[in-house]
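In what follows, chain A forms one complex with chain B and a second complex with chain C.
Here is the complex of A and B:
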């Protein structure tokens, strides 16, 4: 087991080194004028990364903030939209899961709404709620609603009838049935939905912030793109990836704790 | 700066005296007679006895009434056209009027429009056709706007990708993919004008896409575009990146054409008139400062950083000073490549409206004069300029001369005839 683990780590490292080497080879070195041409290499990106990590929380006014502040702004938006969407999705999902008829009546609408890119809602939100910050949060809401909703409904619908029957015999109140039977039984499915949702929310936030501007990692990418500062853009991409992994790992841990065997 | 301020204050006092003399003594001949009879200083003293000259001076110089709102947000797109709006923050022009302004960067013109309509910004950088279009409810919900100042005149260019180095005339551009920053932009109307004058139908024979200015260079590099008529610094940036060259400066289409604007909703101007006036003064002051070519290097340094344009100082300087490489191996020296002149002529609005009608953005009858007068507040701007001791044009509407095209003169009194003189157009009326 531990020998396998060592080999996994070894291979991982080899892939990384190979990737960086190929990248450095295809990247074009800065010309005589000092201006970078084409794709910047990993060394150039590394230098930018060191600069940015050294001072992540500087604040030079509304249009120029450190990468730490930008990431925090994005995470703040993410938290608001995601928590609201998750609560709504779980409540609706439980309702639909318990009532097959309601589920079949609502399902066509869910199927239509689900594949719409959350960004397509942006102009509509901006026009109606008249606030760019809230519009961005709503985009996150839309992007993290559907996976949790579908998984919750599915999880609740496939709870063993025995559990529900026992709860009925014990004459548990609606609330106690929800908290002690339904949610724990459906928890693995719900968390699986939450895990997909946070991924799609994190994907959407970058695009939403590129549109609305102001703050956030998406705005940062856009602002650096304006200046064709590709080293900053690449560093931001890596940072976005790392945060995504952390978010997913957090929910992965939660799902292991909630797993049960029948 | 200090000298400049002292100078403009003296000029202001002088202007106030002149206008009081004018008001009391009537026309110029009477005034000369009076001055000859009594001498200038006696005249000033005599005037002071019948009219509170000092008070009038104070009034014109005063910040107006109390400011309704001091903390303001102004939206901008990171382009050199926004120079006066942007530089007024780091260089203290807003502060001088007692305002605390944050300039907020927006990602594109649709966003600028929505931020302003949604009141997330108090006033905003716009393209000169936008306040007209929004007021008329074209391409937007109808919200009345006022545009007290043009930001820059000239300052645009047609940039082509390097592979089109051999292109000599617009006729050779059939099939090109072009970008402009927005439908309701001088960029769009000037590009269409140039193409159509050379017999190319801009709706049928080329593709014109809307791309936010900052994204144009990346698209040109990627080969998604053959060229664009864009605001700077993105023309010069394409040269700097060695991916494109400047084919034509927009001043060689219409010398002195308006480009960007400073605008606000009419509602804001009426709800906070003193604040609005103070803002206008700050913008006029900054525009005047930017007009002076001696100040351009200093301005380039102030607006190039990440917080504002986020561009290399070198590029911004090449744009503002007009000494620049054109991407074809020549260094050109065109001091008025971009210039700053705030006066919002009604005739500029009327030309824009003729083009909106020409290309089908508005249909049916347009009350050119009425819309122009409603939105381009030339009279108010003239008063504000004179009160600040700046020279302001006496006419709100003038005949504009083009440098390119069949009909070189645009007479604002005959917009419909002008419109009909074009053979390539969408409008049938």
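Here is the complex of A and C:
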């Protein structure tokens, strides 16, 4: 381990300890039930965390499930919406990236659709498909579509002419051209888009689940707030953060595998 | 009969200021026989690389046309492989994969094993054994162009198009790879059209050398026949009176005559 690295870790730890100490000082002592009137401190949250991690998959009916089940429900929705959105975005992005005219014709609409909060679509989805679970998946779809689409189109449009010339000389079929030249050449840009997308999907799912209720980490946060179980709320917030980091790290590894230098 | 015919090809581009056209070269006409090595020499901007791209089918002529084996060239094809100045290897593929991409395209009916064996043969031929699994970024310019040559030769095209293939390679390595090209060409006797501004390279390799005047509106001034017996050895050529005569002739053309039209 280098000296710099050791210092980085030392400072990180110091910041964490300082933060927890200040938090403990301003927090009110928790009652025996764990339901404090003020903000619960880190020790109270820690006790709750230990309880929740010890038994993450219990199921005592609709309003009382373990945090593991809630996270799995959210990740399941995320997977469905995200995979569908990514496939659609890559397909459309490659099409746009290969055709400058189509790209310019469609781009204004993408620019208008991109800044819309995915949650704004929720009423429309609820009204049209009348299923809150599917509506939530569609919200995830909308939240993870645009970054991948924009990055794929840009990545494909900026593939070096030389590579396409080689593909043309070799008379590769469109499928081989796609798989052996276009996708690998644009892969770094595409994965960068996928990485942004999974972040915004994970952000959107908490809010979507607060709205639809039922299961999921977002609903869990809202439900515990209604129970005034703030230690659970805080622990869930931390869990959301950790899952987000793991999702990003997974795509980070993929991005390193697909990177190339010229 | 000529295998490749450049039939009065003219190329112009839209002028940079948006008004009218700039003519790069006008009415270039010559033919290349099967098995012949023809090189085009001219200053930068005479459009020689553009002409090579037109033969490759990557660009369209403004007027005139290119006929290969009795058929007009309209688009790129496997019968005309290009060796690019900047190598144009796929950077995300290994050496082996780069050549395999071409072999698979040329021999769609071959099984996996046959393809792999054939690819390996060409890797060995250009002295890259051991570097099969390296990516281009890990190779020197000279090694990258060896891959480019192996890729081009491995498809057994009717015509090889070499676009200043050694321009980006350091001088010491260049002569080694030129010798390698001579060896490969001697074995295969491919028809080759090469573009270069290196006069010694042109004389060493070519049967005939086409001299272009300077652009814009470049023309094909003359075609010189190289009457030097093969195999040509670099060290012996230097003292050969015919070599010296040719070299002086071409150099004088490039310095003095390429400007007047």
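Keep in mind that, in the parts below, the second predicted complex is superposed on the first by the 255 of 262 C-alpha atoms of A that agree within 3 Å, B and C clash if a C-alpha of one lies under 4 Å from a C-alpha of the other, contacts with A are read in each partner's own complex, and residues count from 1 in each chain.
As a working rule, a residue touches a chain if its C-beta (ideal position, glycine included) is under 8 Å from a C-beta of that chain, and two chains touch if they have at least 3 such contacts.
Because the structure is a prediction, the values reported are computed rather than measured.
After superposition on chain A, the partners chain B and chain C are accommodated together without colliding. Applying the stated contact rule after C-alpha superposition, one finds that A:185 touches chain C and leaves chain B untouched.
Look at A:162: by the touch rule set out above, it reaches chain C but stays clear of chain B. Judged by the touch definition given at the top, the superposed model places A:170 against chain C, while chain B stays out of reach. Using the contact criterion defined above for the overlaid structures, shared-chain residue A:51 touches neither chain B nor chain C, since it reaches no partner.
Taking chain A as the reference chain, the count of touched residues is higher for B when chain B and chain C are set side by side. Of note, the Cα-centre angle with chain A at its vertex and chain B and chain C at its ends comes out at 150 degrees, rounded to the nearest 10. In the superposition on chain A, A:260 makes contact with chain C only, while chain B stays out of contact range. In the superposed pair of complexes, A:213 makes contact with chain B only, with no contact to chain C. Closest contact between chain B and chain C, by C-alpha atoms in the overlaid model: 50 Å. Residues 56-58, 75-78, 80-82, 84, 86, 88, 90-93, 101-102, 105-106, 135-137, 155 of chain C are the ones that touch chain A when the two sit in their complex. Put simply, chain A touches chain C in their complex at residues 162-163, 165-166, 168-172, 176, 180-181, 184-185, 187, 258, 260-262. Interface residues of chain A, counted against chain B in their complex, comprise 35, 37, 60-64, 123, 126-127, 130-132, 210-214, 219, 222-228.
Considering their complex, residues 78, 102-108, 110-111, 114-115, 117-120, 141, 214-215, 217-218, 237, 240-242, 305-308, 310-312 of chain B touch chain A.
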